[in-house]
Amino acid sequence: MSFVLYLINGISLGSVYAIIALGYTMVYGIAKMLNFAHGDVIMIGSYVSFITFSQMGVNPIVSVVMSMVVCTLLGVVIERVAYKPLRKATSPLAVLITAIGVSYFLQNAALLIFGANPVSFTSVVTLSPLKLAGGDLVISGTTIVTIVLCLIIMGCLMIFIKKTKAGQAMLAVSEDKDAAQLMGINVNATIALTFAIGSGLAAIAGVLLCSAYPTLTPYTGSMPGIKAFTAAVFGGIGSIPGALIGGILLGVIEILGRAYISSQLSDAIVFAVLIVVLLVKPSGILGKPMREKV
Amino acid sequence: MFKKNLKKNNVFVTYAIVVVAYIVVEALLLTGNMSSLMQGLLVPLCTYSLCAVGLNLCVGYLGELSLGHAGFMCIGAFSSAFFSVVMQDAITNSIVRFIIALIIGTAFAALFGFLIAIPVLRLNGDYLAIVTLAFGEIIKNVVNVLYIGYDSTGWHISISSQQALGLAEDGTMVINGAQGITGTPHDSSFTIGVILIIIALIIVHNLTNSRTGRAVMSIRDNQIAAESVGINVKKYKLLAFTISAAIAGSAGVLYAHNLSTLTALPKNFGYNMSIMILVFVVLGGIGNFRGSVIAACILTLLPELLRGLSDYRMLIYAIVLIAMMLFNWAPAAIVWRQKLKAKFKKTGEEA
Amino acid sequence: MKKKVLSLMLIASMTAGLLAGCASSSSDSSSSDSASSDSAEAVDGEVFKIGGIGPVTGAAAIYGTAVRNAEQIAVDEINENGGINGYQVALQFEDDEHDAEKSVNAYNSLKDWGMQILAGTVTTTPCIAVADKTAEDGIFQITPSASSTDVIKNDNVFQVCFTDPNQGTASAQYIAEKGLGTKIAVIYDSSDVYSSGIYAKFKTEAEAQGLEIVSETAFTADSNTDFSVQLQSAKDAGADLLFLPFYYQQAAIVLKQANDMGYEPTFFGVDGMDGILTLENFDTSLAEGVMLLTPFAADATDDLTTAFVSKYTELYGETPNQFAADAYDAIYIIKAAAEAAGIDPTMSAADIGTALKEAMVSVTYDGLTGTGMKWEATGEVNKDPKGVVIQDGVYVSID
């Protein structure tokens, strides 16, 4: 019985990782960059939602939408100011370092604006928990909403990429920027659009993260961010279903490792499993194998 | 760019800069013209410069991105501090003790670097980066639950809790889990730090200028071509990664012997630190060791010099970091800089 | 090209660094932290220079900020009321990001400013590193909240808060004496010095007291958002009391998750739990019945506490936590010791250190965090922890 419970808890935690990982994997797929600031965009989104929903009493849906708008704008601005000038830099590491700078900037700006004291986030999900097996198995409303939303977003994204012109443009840019440009695709606009979508998703992820684990501080985003990134790599970075699978697996491994092996070493266990998976499948579970060009 | 760096005279310029900086600092120290803050920063500057040189060997010459170098630093720091604390009374000469500690710390870091490199180097690009990050986090996590103590009956070791050691009344804890090691002797000094930097620079310069170095660079530039001309890719990759880890380990030794307390926090040995070292390397120029040292110094000094800004300190730091990156790396900025330089040359000639 | 630019930057930064180094003693005091600008002009020999160190950025910023705010309130009050021994007091607070190395930098920076007394550092690990430096320089140090026994191994360092072993032992004794629970579960932060320190002593003492510990689980700084496994383990083991030796940010999540899973043991916290009721937007009904040992309660009705709390709330827009209270006390304890020692600001930092160190053992101080506080020569404080239980969103004394 307790195994099933742990499994459910693992899926809850994993679903939050998965929804964060979606943002990472999208941006990585198109811009080929590890956006270290993604976790901090999540934090900003959570604060926007906290202020509008918990403090000003705005309708939860409206509050999430407002938070998405803010994050989308933020994502586009960050891309324009900090990443775009470096897109043609001689090393892809340059933009990675700038992303770290942006991450520091967002954390410290939030510290100045919102203060160091944590706040308690009210869950925007009012769905009552699902009780199974005579009340022994409880699945919280947040978990259900997170998983359902994760699936919906994943489906929408895949349809968007397959069926729309902008989506096809994204695919083309991710394959070959220069060739896409030659085909008349506006690469800059496509990348900006990717950041916009990724950051909008970050807002949803932030709200769900804080609904599940309600303490919010200026540093809330960084650790889930890095774990979600790990999840994205786990599932095969650049792959949208991979992010979901990677996220859920990471959550389940973390919880089961903590429950059955050692609660002190749960981080080490997660990372150890990651290493083993990558050694067996060097580009993640659903990742495309990298071709070596001669 | 890379070839230019290899020229002999350039190498000596690097040594000259380090030596001159050392002499200037010593002169200021002797005449009492240096603030306590600067004096306290001397060893950290050496620590981070060393780390950056070590990582640059991996990133710049091997061409592999490692996000786990803080883990090697952690191993170097803990193994050497462990030795120094245990032998504090047995070896009273701090120089001798430090040299042995340094050898131990570096050797342990090299050993782990070697062991980790065997599986890791089978991967490529960002997957390799994330696996090194994973190893770094595992090292930090394990060190945090490591309990080692000794009593009259011998050594005790546990990875669960202090009680599990079952130490007798007369027992002494050496590594106490999250509380780490306390009471490490202050054996680091600026002189030692500078000597270590020079040794590290000599090693990396010789390595990159040797047959081995050219082999490593050929791997970076085109692995398949390198393999096809009969270069043992695996061997050279392992060698470069191990040396890189060893240098990071020696930086850890320096770090551990500068503070009386050593704990493995996310801040000092987590992925944040690995990334910080990477920032030094990239800002200073990938493959440019002198740049690494300079960038490490600038970015370590910057937050300290910004102390007057109080609350805005770290915010300004972040902005300066972004600005420096854009200035150094953005193609548009490089063109602008070249124009500016050409202009200066012109006016200089006219005058 | 790049190298040249970098070389230029090096030269520029070195020059800037050295200039800043040379000029720091004069420039820092004038352009110093805004916190000290409103107090007396910091001229050597005319004011007491008290330094503070703590994290005001980074994940531990909440503790450092609270200490900085409260120390400023105390210093301003003292200055309004005529200062210490007739001299005004200047306070400078430096950030250490909860990092030992940065903390030593902060200390050195304060030394350049001319600090004579140190009221810090806030967190344990940096404090151990700094305590070594103050011992070298003979500077008197009182830490508001660094609670490990390693902090006070030098004779110039004193604590305002309880030591970790003291808290762990006191908690176990309290639980045993009051018969609060028989089967005990512990959740602790294995990556945190404070939490693992209390847990170690608690376990030893609980066994001595005949309490049965049925479940012990840990979490780390990297995975401190989900406690479902730890709670489930406690629940499965049938624990009727859950001991939570960590800070309230995590405790708030533990309480919520326990509530979600319908697990209702007695929750017992330590002083780090204080602050949970003032956590913005927190549903205090979740904390109903939580017990904790704390030296400070923000809603106590004595004059000292109400005056401090209202002043703090007015200035900083939030309710002070126990860190703030410890820091406020720290400054007044320095005052008490300084008056007992009869020091004046013309003395060197080392002489002040020696005088204060000797005076400390004779000081008895009534403050926010305890009455009749006395100090051993070791630096440890003698005060009794107060047991409180949360009822209807407020602390009620158990005794």
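Note that the chains take the letters A, B and C in the order they are written out, and that residue 1 is the start of every chain.
Everything that follows uses one rule, which is that a residue touches a chain if its C-beta (ideal position, glycine included) is under 8 Å from a C-beta of that chain, and two chains touch if they have at least 3 such contacts.
From a predicted model like this one, the values you see are computed outputs, not experimental measurements.
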Centroid comparison with chain A (C-alpha atoms), farthest chain: C
Of B-C and A-B, pair with higher C-beta contact tally: B-C
Centroid spacing, where centroids are CA-atom means, of chain A and chain C in whole angstrom: 35
Centre-to-centre distance between chain C and chain B (centres being mean Cα positions), rounded to whole Å: 32
Touching two or more other chains - residue numbers and ranges from chain C: 56-59, 190, 218, 220, 222
Contacts with 2+ other chains: residues of chain B: 137, 141, 144-145, 311, 314, 328
Chain A residues counted as touching two or more neighbouring chains: 108, 111, 264, 267
Residue ranges of chain B in contact with chain A within the complex: 59, 65, 119, 122-127, 130-131, 133-135, 137-138, 141-142, 144-145, 159-160, 223-225, 271, 275, 278-279, 282-283, 286, 311-312, 314-315, 317-319, 321-322, 325-326, 328-333
Touching residues (chain side chain B, partner chain C) in the complex: 1, 17, 21, 24, 28, 33-41, 44, 137, 141, 144-145, 161-163, 177-180, 182, 186, 255, 258-263, 265-268, 270, 284-285, 288, 290-291, 294-295, 297-298, 301-302, 304-305, 307-308, 310-311, 313-314, 328, 334, 337-338, 341
List of chain C residues in touch with chain A within their complex: 56-59, 61-62, 64-65, 190, 217-220, 222-223, 225-226, 228-230, 232-233, 236, 249-250, 252-253, 256, 260-262, 279-283, 318
Chain A residues within the chain B interface of the complex: 28, 34, 36, 82, 85-86, 88-91, 93-94, 96-98, 100-102, 104-105, 108-109, 111-112, 226, 229-230, 233, 237, 262, 264-265, 267-268, 271-272, 274-275, 278-279, 282-284, 290, 292, 294
Residue ranges of chain C in contact with chain B within the complex: 1-3, 5-7, 9-10, 13-14, 16-18, 20-22, 24-25, 27-28, 31-35, 56-59, 94-95, 97-101, 104-109, 111-112, 125, 128-129, 131-132, 148, 150, 189-193, 195-197, 199-200, 203-204, 216, 218, 220-222
